[in-house]
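Two complexes follow with chain A in common, the first pairing it with chain B and the second with chain C.
Take a look at the complex of A and B:
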């Protein structure tokens, strides 16, 4: 048979494996067999069978499973990115709570499809590069920066994927040499991306008095500070 | 990395004290510990801390993973009583020698 151009989609959703939602008569109506019959004058259309190409005698396999194999239910679940908190909008200054950059105040750019937040220092201001951060490890402040001049379309999760490592053949001599090649240099185009994003950002940051030194300073809890009473 | 402020000490956790295990007069239940969080004095204030992660950090003689410091992680589960004490569950029960010791209450998972 010629391969089908459209995939087979069942109009009969399964309630439980093996039990369809619609009865036989309902399915007859759903499939439109009545319309096909009406077009063909009350009889279901018959095609003469196409001449079969002579096929080599297929050997029937001796092996078949003893019990019926159950067909698993189709899983149509699509994962959505985590819901963004109302306090976090593009241009918000965030405080990172954990990790290498804990305490740093950072500018939020956009939410990626994985749900992680794309964030930048800017690098020149506080040393935080373009980075992904999880929403749970971040506090949204009420300070906003104007990021209309920044184009973040090219950044997605694939941009941050680890570069595929070359497989080194294991050899005694090469084992020691391999350490020298371990130093991971940031590719130049990633450095350029950082510069272009930051250039537009720094202009809007310098327009606001004290914002640059605010972003350069780290957040810390001091004596007597109670987070549950702080307004960020 | 910008060398501006390396090694700057930032405290992003609230200090807490381990009071002991959840208990009645004559029985104690070591799977849940009671924590007194600094600055929290009523059960309404505890609502902010529910679910926040806790770390009990202690020192040991033998180096593990290159450090003498070890940590037991946990979570704030609910308030305990009316005066801001909090119940917490840890990945493994806290050792009895921890009673009276410092615990770090982090600000994450954050909801602000």
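Take a look at the complex of A and C:
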């Protein structure tokens, strides 16, 4: 059926659950069934059922499984992307708390569909490349960088997926020999992506005094700093 | 020896505990041995225990329980705000508030400024040392 253009709304307000304000005869009048009947010559319009398409005779299978298999209940849940903290907006400087780049101050670009945050150093400033980071391992500061000159539409989770490794044949005599010699080099187009994203960013970073050295420095807790009292 | 700051009508005090922590208020009446009626331009007149107050040096001229308008006029006339912000106690509180509101970037800039200042001081010191050594 075509979706309804107006939502179904009842013309019979509820007084209490199970008790409507208007009686059956009043509702008949309200719904205008008398007008529909009058238009159709005293009889309520009837539509013949649509002719069913002739279905091919189903072949009855001769095989039945011996035991009843339990079918799991259908799961129609859809995962929502992680809710982004209100303090984190595109252009916010974030402090990464864990992993290889812990303590680094980094610029937030956008949230990907998986919920992870797309982030860049910029690479020239502090060595952090275009990277995904989980919101839980990040502190949002109140410092914002102007990110309007940067185009991040082409980056999504597929961009960061690991390149499919060639399957080695089973007959490997020497482990970790010539195979692992070729380190995984970053493809040139990823390096170029980094350069284009960073070029616009670095310009807006250099517009603010001290911001570049701020991003180059790592964050650390010093004596007397109480994280629950600090304003980031 | 002896007390210098007295509880009296017109004494300005700082609230040091509770919902209105940090507010400057004027003692407008005394309820009993433990409580005073206090008032301030930005709060509803209410009673408060003396234990929650710290008296300041500032005192203004008012009658017992003045109208809010009269109170505000008297506070302006005595320039309570100015006296407070220029007193060493008031200045220390303001510095504390400013430091607590620094963001991470501000703290970084502060660190750079301190290093720069230290460098300049050390330069001058080196100069002076050279002069006295010579």
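Heads up, the rule we're going with is that the second predicted complex is superposed on the first by the 150 of 232 C-alpha atoms of A that agree within 3 Å, B and C clash if a C-alpha of one lies under 4 Å from a C-alpha of the other, contacts with A are read in each partner's own complex, and residues count from 1 in each chain.
The criterion applied here is as follows: contacts are C-beta pairs under 8 Å (C-beta built on N, C-alpha and C of every residue); 3 or more make two chains touch, one makes a residue touch a chain.
In this text the structure is predicted, and so the values were computed from the model without any measurement.
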Room on chain A for both chain B and chain C (clash or fit): fit
Which superposed partner A:232 touches (first chain B, second chain C, both, neither): both
Chain B versus chain C as contact partner of A:138, first or second or both or neither: first
Touched partner set for A:160, first chain B, second chain C, both or neither: neither
A:214 touches, of chain B and chain C: first, second, both or neither? second
Partner chain in contact with A:22 - chain B first, chain C second, else both or neither: neither
Superposition-derived comparison: chain B or chain C, residues of chain A touched: B
Which of chain B and chain C A:93 touches, first, second, both or neither: second
Closest approach of chain C to chain B (Cα atoms, Å): 13
Residues of chain A contacting chain B in one complex and chain C in the other: 219, 229, 232
Sites on chain C touched by chain A in the complex: 100-105, 108-109, 112
Chain C partner contacts - residues on chain A that touch it in the complex: 93, 95, 105, 141-143, 210-211, 213-214, 217, 219, 229-232
Of chain B, residues touching chain A in the complex: 1-2, 4-5, 8-14, 39-40, 45, 48-49, 106-112
Chain A residues touching chain B - in the complex, by the definition given at the top: 85, 87, 97-98, 102-103, 123-124, 126-127, 135-140, 216, 218-222, 224, 226-229, 232
